[in-house]
Every structure is written in C-alpha cells, then in structure tokens.
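Next come two complexes built around subunit A: one with subunit B, the other with subunit C.
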Partner chain A sequence: MSAIDAAAGPRLRRRGRRADDVAGLGRVRAGVFVAPALALIGLFLVFPAVWTIYLGMTNYRLTGLAAANPEFVGLDNFASALTDDAFWHSLWLTLIFVLVSGVIGQTLLGFSIAWALRHVRGWAKSVIETLVLAAWVVPASVASFLWLALLDRRTGTLNALLGTEGTAWLIEYPMVSIIVFNVWVGTAFSMLLFSSALAAVPPSQMESARMVGAGSWQQLRDVVLPNIRGHILTNTLLITLWTFNTFTPYLLTAGGPRDESSILAVYIYTTAIPGGQLGMGAAISLIMLGINLVIALGYLRVARAASGGSK
Partner chain B sequence: MRRKLAAIIAGTATAALLLGACGNDGSDDPTDGGSEGSDGPVTLTITLNAIAGGKNAAEAAWIEDWVIPEFEAAMAADGTDVTVVFEPQGVDDEDYKTKISLDLQSGGGADIIGMDGIWVGEFAEAGYIQPLSAVGGSAVEEWEGWDQISDAVQNALSFNGERYGIPQGADGRVLYFNKDLFAAAGLPEDWQPTSWEEVLDAGRALAESGVAIPLQINAGTAMGEATTMQGLLPLLVGTGAEVYRDDQWIGGTDELRDVLEFYRTIYVDEQLGDAVLQQEAAGRDTSFAQFAAGEIGILLEGDYFWRSVINPAEGVGTAPMTNRDEVVGYTRIPAQEPGSGINGQDFVSMSGGTGRVLNPNSDNPELAWELLAFMNSAEAYEARAVDGLNITPRADVNAELLASDPMLTFVSDEVLPITAYRPGLAAYPEVSLALQEATEAVVAGDPVDDALANYADAVAGIVGEENVDNG
Partner chain C sequence: MTGEPLLPQAADAPGPRTAAPPPSLGRRMVRHYLSRVLFVVAMGLVLAFFALPMLWLVTAPFDADPSLTVGWPDWTLANFARIAENRYALGSLRNSLVLGLGTMALVLTLGSLAAYALSRVRIPGRDGLLYALLLLSSIVTGTAAMVPTFQLITQIGLINTQIGVILVLAGGVLPTVIFILKDFMDSIPKSYEESARLYGASPLQILTHVVVPTARPGLAFVAVWTVVQVWGNFLVPFLLLRTPESQPAAVLMYTFYTEGGQPDLRLLSAFSLVFSVPVIAMYFLVNRRYGFRFHGGIKS
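For the complex of A and B:
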C-alpha cells in the first residue's frame, strides 16, 4: 500500500492545481481503475466496430468461394448499397416507421396516458399502468407470437372481432401492422417517463395558471410543456434510436411480403445472413451506424441549445 | 477504506465479466478431450432438420430409437465407449441452412450434418466441408455401400467429381389431387392431364363446383427452394428449357415467360390459386394443412408430401390424412404441350436429394465415418422403413422394400426415368432466389414482362452478363 502511495505521490501533490481531478486519484491510479472497463469496451465494442469496417470493404460471404477467400473490394459495397433502390426503399420505410410508430405514436400515446392518469389514484391507475407495462415487459418473441395469433388470416382474434374473415393483415397491411405493434410495445416507456416528468411540474405554477383563468390546453402549452422540454428531448432521442434499430418486426413479417416491411435492421439481416452477403451487410450496418450518430448528435445539439437558452 | 473496498468489488466484477466472456469464447463442442486412441468416452453428434413431433418425425424417431442404441451397442461390443447425441431441428430449410452454415463457419457444428444436396457446392467452395475420404480416411473408399448406390444418386452429394456425403435417396415431383373433390366436379379418378391447359381446365371445373382453392403451385420467396423445386422448375422443364444448359444460365427467355404467364393465369387472371397463401410466412405448412383438410384440389409436391406430410401413420406426418390411400391421387406433371418437355418428353419432373456429410471440424472423424456408414447400411434402411418407406439410395434395399408402397413404386418406375436435376453449382441457390422473386412478383400482380426483366437483371448480376442466355 505504501509503495503505491509513494509512486502516486508526485501526482497527488499536483492535485491542488488540477481542479478536474476531484477524486484525488491521480492519472495513473485513475487509469488503473478505468483500464478493465476500457479493455472490455475495446474488446466488445471498438474491436467489433473496426472489424465491421474491414468486413464492409470485402466481398465476404457466408458460403461459396468468397467465404474461404474474401477479397478486398474497397468502397464497392458502399457504392452499390447507395445506388441500390432496395436500400433507399428500406431507409424510407425505416423513416416512416420511426416517425409514425416511435416519435408520434409512442410519444403521443405515452404522454396522453400519463396526462390522463395524472389525477387518477388507486387501483384504476395501477391496472392501466400494469397493462401498458406488460406489453413492455413481455419478451419480444412471446409478444410477436401473441400478435401472430391476433392477426392470423384464418383463426385470428382480430378477424373474429371485426368480422373480417380471411383478411391477411400481415400481408395486406404489413407496415401498418408493424407500426401498431411497435406502438403497443414501446408506449410504456414514454408513459413512465412522462408520468414522473408531470409529477415534477411545480404545482405553484399550475395553480397560478389556473388563477389567471388558463384552460386545460393553455396550461399544457404554457406551463407543462416548457417544464418538461428536457424530458421530451430525452424521450424522443431514446425512442428514435431504439425504433431505428429494432429488429422485432422481423418476427412478425420477416420483412415481407416483397420487402414491403423491410426496415433497415431487417434489411441488413436478410442481406447478410439468409442472403449470405456478409460483406455487404457489414457495409450497410456501418451506414446505419453513421445515421445513428447523426441522430444522436443532432439531438445533443438541440438539447444543448435548449439548456443554454434557459439559463 | 471505502474506496479500497469499491476497488476490490469493481476489480472482482470486471474479472468475473472477463472470465465469463472467455468462457463463452471456447468451442461449444462437448467432444473436446475425446482425442483418438484415448480411453475416455467419445461423444458423436448428429444434426438433421428432423424433430420428434414435427418435421420429418419418423427420421428423428429412427435416429433416437434405432441408430443411437444400436450403434452404441455395436461400439461397446468392440470395446469403444461412444455416446451419440442427436441435435434435432424442426424449421424451414432456409433457416436450417443458415444455422448449419453459421455452425461450420465458426468451426463448430455436429459431427454428422444433414444437408440438401444443392448446398454442397457452395459449402465445399467455402471450405466448410471436405470430400468424405479427406475427412473419414481410407475406410470411406472401401465402404460396401457405394456399389449399391447409382452414380446419378451419388451425384446429388458430389461436387467437382468428389463425394462429399452419402445421399439419402431419390425423390420426384408429381401432381397430387383430391379424388373426392374431383368426383364432385365430374373429373375422372384416374386423371392424367397431358398439357398445362388440361391442368387449368381441371382447375376451372373444380372452381365451378365450389372448391375454394382449385390449383396451388408453389411461388414466392417465403417457401424458399420449395418454390423453385415444386413450382418453377417442373414447369420450366415442361417448356423444354432448363435453368442451366450449355454453360449458360437461363435469362429472360420465352420459355421462362410462358412459365410466368402460367403463374399469372392461375393466381391473377383466373384466381384458381390462393395468391396470399404464397406470401405467408408459414405458407407451405398451411398448404399442407389445407390439402389435408380437403380445401385444395390440385397441389404440385414431391413424394415427401405423400410419405411424410400426409402419412396417416401415428406420429409421422405433420398433416396426416387418415384416408390418404383412398382420397389422394397422384399423376405425372405434363409438359406445356405433349412433346414440348426437355428431350421431347410428354411428362416431366425434377429430382433432388438430401444427404449427410461429415464435419471436417470433428474431433473423431474416423468414428464419425463409422457412424455415417452404419446409418447407411442395408440394415439401417430396413429399420428406417418400419416407420415409413422412402426411396432409399441403395438398390438392394429398394428391390426388397419398394413394392409394398404403390406411390413410391410409381415414383421409382414412372417419374425417375423422366426426371431432371438442378445444376450442382455454387451460384445455383442465388439464381434460385431470383427465380422465386420473379414468381412472387407475378403472383402479387406485377406484369409478367416486368418480372421477367427484373429477373434477367438479377441473374446477370449474380453470374455475369456473359453467362446468361436471354433467348
């Protein structure tokens, strides 16, 4: 112990000058503490990412000659992905999916439930929250099986309820089906987040608003929304990223029929694994990663601007 | 002090994580340590797309109830302690292919792997599998079974003139029809159409008599290779064309256009078939169930459908028909017109075949070969036949057993002589997918010309423009 102290001595002395070393560990000891974490990140995050970049520049395949001896093809995969209609089609479907099911569907529905429940107490609130949460908690494989049973063409519950016997929902309305499914799955998160956000709105401000005669809508617009702006941003960021990356719709439609519900994550899977084009799949994955980064940076910038403005 | 404690906890947690990660990194093969010549017990594993209570249940039962106990007993008698483990699968062929290619790619997988003969080329090129002699040693060439298996059948599991596995037999495609529905529509019980038009006529008669799905011919990508094998290719050879001939792949030719037009007539123009069914994820299983329920009039399928899917025997079929022998008729697939098929034939079919290969990653390749040879002995096929007959690869067994099943005799005598085979080339599965996409487009209502043009582009992209015959 004393040996370590002695070694760290000179750095400890510098502590007074360096305000950012609040823990007082010194660089070496701090480094030792982070090293295992960095090693893990390097091994399981950075290395696969770099490996994906490499794979994306080869014609590597799951089977055949190119599996044994993949050739370096430079940026060919990226070029052919970016000039492929199927890729743009998939990206377009993904945008619709994210906007409608994530940003609009989950956020609005989650907020509406939270808003509607804010004065409800007791068993009614518990029941509704439990039901919404159940959709979030049930494993994706189980949930998709339930939905397959619900939407089945011949013996589906939905057809029995609506009297629309023989309607193959997953084939005739594939995008609508996976959008509704995703709203159902993800609403719980928004609901929980907005519930706690609404609880944090200062009652005094609400009271004042009511005193000057603000209606429900005016209270919402002028008091609640400005107070929970940060929550809305965080919620939208997380939901956008999750929805953008989700693979669960594959379990319902497998991207079909005829790629009509082939959102990007599904498109990558069908290209890389059943399609066998691992190199191409890696290239599209990288493009997807890039889009993710852009979304995240965009939100961070907005968030920073918003918090800067309120100071 | 608290900081130290936190450090210890963090350190331990990290170490545990790393250890856990490393633990997962090792081979998932339970056979390590069982190197040859050692005295410890040896474990051999078998993977097939067969599972008790599901797909190919009879085959799974044969492995569990006959192969494993008999082989273990025979080995024990020789003084070798062997445990055989069966790893069943019961999924679509495409998913099964994905699974075994990932197994082999990562250096794992079972010692004996069942696969479709048509995958052998691409797996061999990838280095995932090797010629049997290279894996199993000199015993392979000396095996008594080769003399019993015809060259055409051996070809199903060969690539570049080398045997990669032992085939499991021959199969053929026919038109199945429901005799009850035929009688109600005033059609003959011994129906034998001689042209596509006569097939359509029967479909129209069935439609008039109120049959919901008169005529179902596989199409679309959801059914995978079943679409090509039980749909497009039998029709294509009926026009006189083949998917690969004279070193050229078929492109946007008139023959292929005729096939796609036939699909359009069935599914779009006259709605004799259920187009939505062809796009459903479980469409093929559903078509089996609907045929068994008497809702489909005519269905193009392989002998697998007869001996496995609708087999009335207990625990064999996934859609058993207790009255199969009375109700289900079968007939040869006619060429487009009499004499328009390949080699000027009036009737056509397609054959493929599955087989079993040795995994080059096996720790005990020579023992694995012994097991594979054991599974392909005459005795083994006779035991297999107890739960359901199929056309075996062995001439000696066929001569003895086939006569007891009229359907398989029909396939063996009437269909195999006129059948055609897929090219055993690595590019075939990709071309096949492009063909499936063309049928899917037509069935979904796209104009035939568009589907044909898209297919021609796709196939040129796969094999190169210079290797495509655009007629």
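For the complex of A and C:
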C-alpha cells in the first residue's frame, strides 16, 4: 500500500502541478510576478518592524545634536521604559481600555444585539443594524467630533438631556469617555460576526432543546454557546488586537488631561513625535509589536484549528 | 438580554421548584408582557445610544445657525458653500481622492500579479509565505510601527509627499489584498486559460485578457475596500503630511476643531457630511453586493 503510494506520489504531484500552471508561467516568471509586491511589503512593512529593534537601541531624537549623530545606547531605552512609572501607567490604562471597551463592551453588546434581533424582521432590525454599522464606517475624525459635540461642557447634547450642565465629561471622566466611544465605534464587527454565527446554529438542536422545555437562558448556555465557541474566540482575539492598536482615542482626548487617558498607542506618539524622543518611542513600539505578535499567533492558531476541524 | 418569550412551555422541568404550584395563566401573561416591554426598552436604549451622536451629523449641516446641541434645523443649504470658500477644504478632499485612488491602483496591480502567480504556480515555500504575510499584516500596524515609518519616510525624502503616504498605506494593505485575491483566483476555472494558451497567448496576455475579466468581482471588491480603508485613515497622513496643502480630509477635519479657537460649525458640519457620505455609500454597496466576509477583518 505504502509502496504504491510512494511510487505514484511524485508522478501525481508533478501532473497536478502542471495542471495548476495552466498559463505556462513557470517558476521564474511566477517569481517575477510576485517580486514587486514582496518588495513593497518588505520595504514598508517588514523593514520598519525590523528597524524598530535598532532604533530602540539608539538615543535618536527628532531635533538637536542626537538627531544628526545618534548614539548606540544598547538596552538603556528598554531599561528606562521598564522603570518609568508613566510607561506602566500607560500599559495599565491600555489593559483597562482593551478589556472593558473591547473584550467586554463590544463583544457583549454586539452579541446581545445579534441575539435579540435574530428572529426580528422588518424595519426595526434594519434601522438598528444600519445605525450600528454607520458608527463603524464613519471616518474616525468625524466620529470623534460627533462625540466631542455630544459631550461638550457648555452646549453638548448629553448635558442638555441629562440636565447636568457644565459637566466636562472628557476632563472629569476621560477613560470612561474613550471606552464608551470605542464601544460605539466598534460594536458593529461583533454584531455582524455573531449574527452570522447564530444563523449557522443547527435549528434542530434549538428545536430539541425547546421540546425538553429549556428556557431562553438554558438554550443560550447549552446549545448556542457550545456551537459558536470558535466564533467567540476569533472575535475576542481580533477585537483585542484592534482595540490595542487603535489610535482614535487620541482625537478625543489627546491622552489628557495630563496622562489620564494616554493608552499605549497615544503614549508612543506623544513620546516620539511631539516629545521628540524617537529612540525611546521605538523601544516602546517594539514592546507593542511583541504583544501584537503574541495575540496574532494566538489568533492564527485558533483560525487554523477551526478550519482544520471543519474539514 | 431578555430573549423572545418561548412558545407555550411544557410543564416546568422537574427540580426542587416543582413543589410550587405551576404559574397561573394570568401570571404567565404578566411575565410575557413584562419581558416584551423589557425587550422593547432595551432595544430602545441601544437605538438611542447609536443614534444620539449620529443625529448631529444629519441635522447640523442643514441648520442656518448650527450649535453643538442637536435640534430641529432651520433648513438651509448655505453651509455647503462654506466648503468652497475655505482655503484648504476642497483641496483636502482632492488629496483624499489622490491617496485613495493611488493606493488602490498600486495595490490592485501588484496584488493581482502576485495573487495570480501564487494561485497558479506552486512556488517553493508558498504556504509559509502566505502565513507569514497574514501574520505580518496583523502585527505591524500603523500604530505599532509609527516611529520607524516616520523615520524611514524622512530619510528617503518622501515626508510631506502623497507618494510617501501611498507607499506606506499600500505596504500595509497588500498582504490582505493578496490573500483575498488569491482566494478569488483559486475559484476561477482554469479551462479558459488553457484554451487561451493553446491559441498561443503569452502569460501576460492571458492575465490581462482572460484572468482579469473573470476575476472582476474580486478586483472590484478589493478596489472599494482599499479606498474605504485609505479614505478614513488618520494616523499615517497625520504623521507624514505636515503642511495643510498636502493633508487629506481626515487630517484637515481634525485641525478644523483643534486649531484656532472656536471652530466654524457651519463649515465643520457640512464638511464632515460631505467627507463621510462617499465611504458610507461605498460600504453599503459592498455589503449589499458581496455580503459580510471574513478576510482578516473588513475594516483596519
């Protein structure tokens, strides 16, 4: 059996290859076709990432003496970042931001909307879905101005509605503001993902759960959640990655007041560009890239396991 | 969340609670209506949460004297004339268009060449390459790589140029584009190319005359997707374009409300609507025609 396989293997594979390459490209020309794209990706995506390692070990500055003649300082930047309270404060804020606005807020609200609307048809469903989607699609700089207008201290709509004239939401509650804002912006993704996941739950299973008298809550726990476990994982990892990397809160609070809403993305920007410490900024970027790598590897593992399992 | 009330329930599940008498018809009715009311209230709150900030965008541009408070507008279209009067507004929309179309053209050309070769020829290490590309594009985000990107573009003298922004944005979306396009090309039957080859067409001719026309839905999807990505992107142009003449609408919009005292709300409101409508329209078009798909995420 295995001998036959071994004998037939190469021949089959070669025929398969020839049948694949119907245009007669050949490997060399295929390489030429792929090369420009790879060059662009290499130069503007891979190289910056690798260069971060070197830049993070220099005292590069935007202006002044160290801008012309940067010195190699080894791991000094990392050491001073890791001993700097501002860095840990920023990392802590990022953790809260990702957990509360992404993992909890967007996922729960998105799932709840998808679950609540799963049997609803007609205008109510499309109005809600369209609004949630619109919040996602509107350009970030417009979305943040809409929230600046809503939360304005003197003439904001929120203060007018709640009768809390004079409350400066963005200054008194900066973290709460950017968290709620991010939930508003990003819920659409979870809603879309979960409504397609819920549509794929086998109706027969729901039916039999209902036959034995399971309530909504029991159906959710015993039938739905086990069925969409893969989707929940995918959603959580992607949302974590995106929320971790979003720069949009900068448009709302610019990290302030003081550093109270300075999540890592904003912290890197203020350190490197207005602060001028490019080397230091690069060192923190490298830490951020490392965290991204861990999340993305987790995501790809889950995605592979899911596609391998369904085949 | 309170879900739909169930159809007439069978007797209560056996358990410690069975000792209590089954709820009377009246009680069940009350519970039914109560959960119905709760459901409507919850949906109302969701609706209010998403609609409230959005209301300003649809009322203020048409109000003769817009304030930050949402209110019934004193209808006018005069605000839109302000866009033409502003020194930078129209230019910024043009810049956005240049960035969007430029990135799209670059990405479509390079992406379809690469995707086609990867789809039809088994280049050694292809699967590893695709895996690495996918991984890279999700790790090296504009945020995490802003410092080296800024430094790189400064060093090669492309700071304050549209081409610098286009190159960086194209590098960022190309892996995803190659992925999507390879998917599309894998699903195209190979018999057309085979017969074209029998008639003596060269590979490049086959690509332009046979593959591109058949892959058109995929290319259209990628084109719209790329423009939507670039149109709303704030960080990359904000980093790399420092003069108001070169900035796209996303960045100019931000300077409208952060620089120079009281913002001009007539200009701001009209401008944000004009700036938002194209992406909203394109997005819903794509969503309607191609549905919601997962290609490592539709938006950033």
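Quick note on the criterion: the second predicted complex is superposed on the first by the 259 of 311 C-alpha atoms of A that agree within 3 Å, B and C clash if a C-alpha of one lies under 4 Å from a C-alpha of the other, contacts with A are read in each partner's own complex, and residues count from 1 in each chain.
Going forward, contacts are C-beta pairs under 8 Å (C-beta built on N, C-alpha and C of every residue); 3 or more make two chains touch, one makes a residue touch a chain.
Because the structure is a prediction, the values reported are computed rather than measured.
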* Asked: Which partner, subunit B or subunit C, touches the larger number of subunit A residues?
  -> C
* When the two structures are overlaid on chain A, which partner does A:A209 contact: first (subunit B), second (subunit C), both, or neither? -> neither
* To do: Once the structures are superposed on A, label A:L95 by its partner contacts, choosing first (subunit B), second (subunit C), both or neither.
  => neither
* Can A:A265 be said to touch subunit B (first), subunit C (second), both, or neither? -> second
* Asked: Given the touch rule stated above, what does A:L40 touch, subunit B (first), subunit C (second), both, or neither?
  -> both
* For A:I273, select first, second, both or neither according to whether it touches subunit B, subunit C, the two together, or no partner. => both
* Asked: Which of the two partners, first being subunit B and second being subunit C, lies in contact with A:G256: first, second, both, or neither?
  -> first
* Do subunit B and subunit C touch any of the same residues on subunit A, and if so, which? -> 33, 36-37, 40, 43-44, 154, 273
* subunit C residues within the subunit A interface of the complex -> 1-4, 6-7, 9-13, 39, 42-43, 46-47, 49-57, 60, 67-70, 106, 110-111, 113-114, 116-118, 120-123, 131, 133-152, 167-168, 170-172, 174-175, 178, 190-191, 193-194, 196-197, 203, 206-207, 211, 228, 231-232, 234-235, 239, 249-251, 253-254, 257, 268, 272, 275-276, 279-280, 283-284, 287, 292, 294, 297-300
* subunit A-touching residues of subunit B, taken from the complex the two chains share -> 7, 10-11, 14-15, 17-18, 21, 94-95, 98, 101-102, 105, 119, 121-123, 125-128, 220-222, 276, 279-281, 286, 426, 430, 433, 440-441, 444
* To do: Show which residues of subunit A lie in contact with subunit C when the two form their complex.
  => 17, 19-27, 29-31, 33-34, 36-38, 40-41, 43-49, 51-52, 55, 60, 109, 112-113, 115-116, 119, 124, 127-128, 131-150, 152, 154-158, 160, 184, 189, 192-193, 196, 210-217, 220, 234, 238, 241-242, 245-248, 251, 265, 268-269, 272-273, 278, 281-282, 285, 288-289, 292-293, 296-297, 299-300
* Going by the contact rule at the top, pick out the subunit A residues touching subunit B in the complex. => 33, 36-37, 39-40, 43-44, 61-65, 67-68, 153-154, 168, 170-172, 253-254, 256-258, 273-276
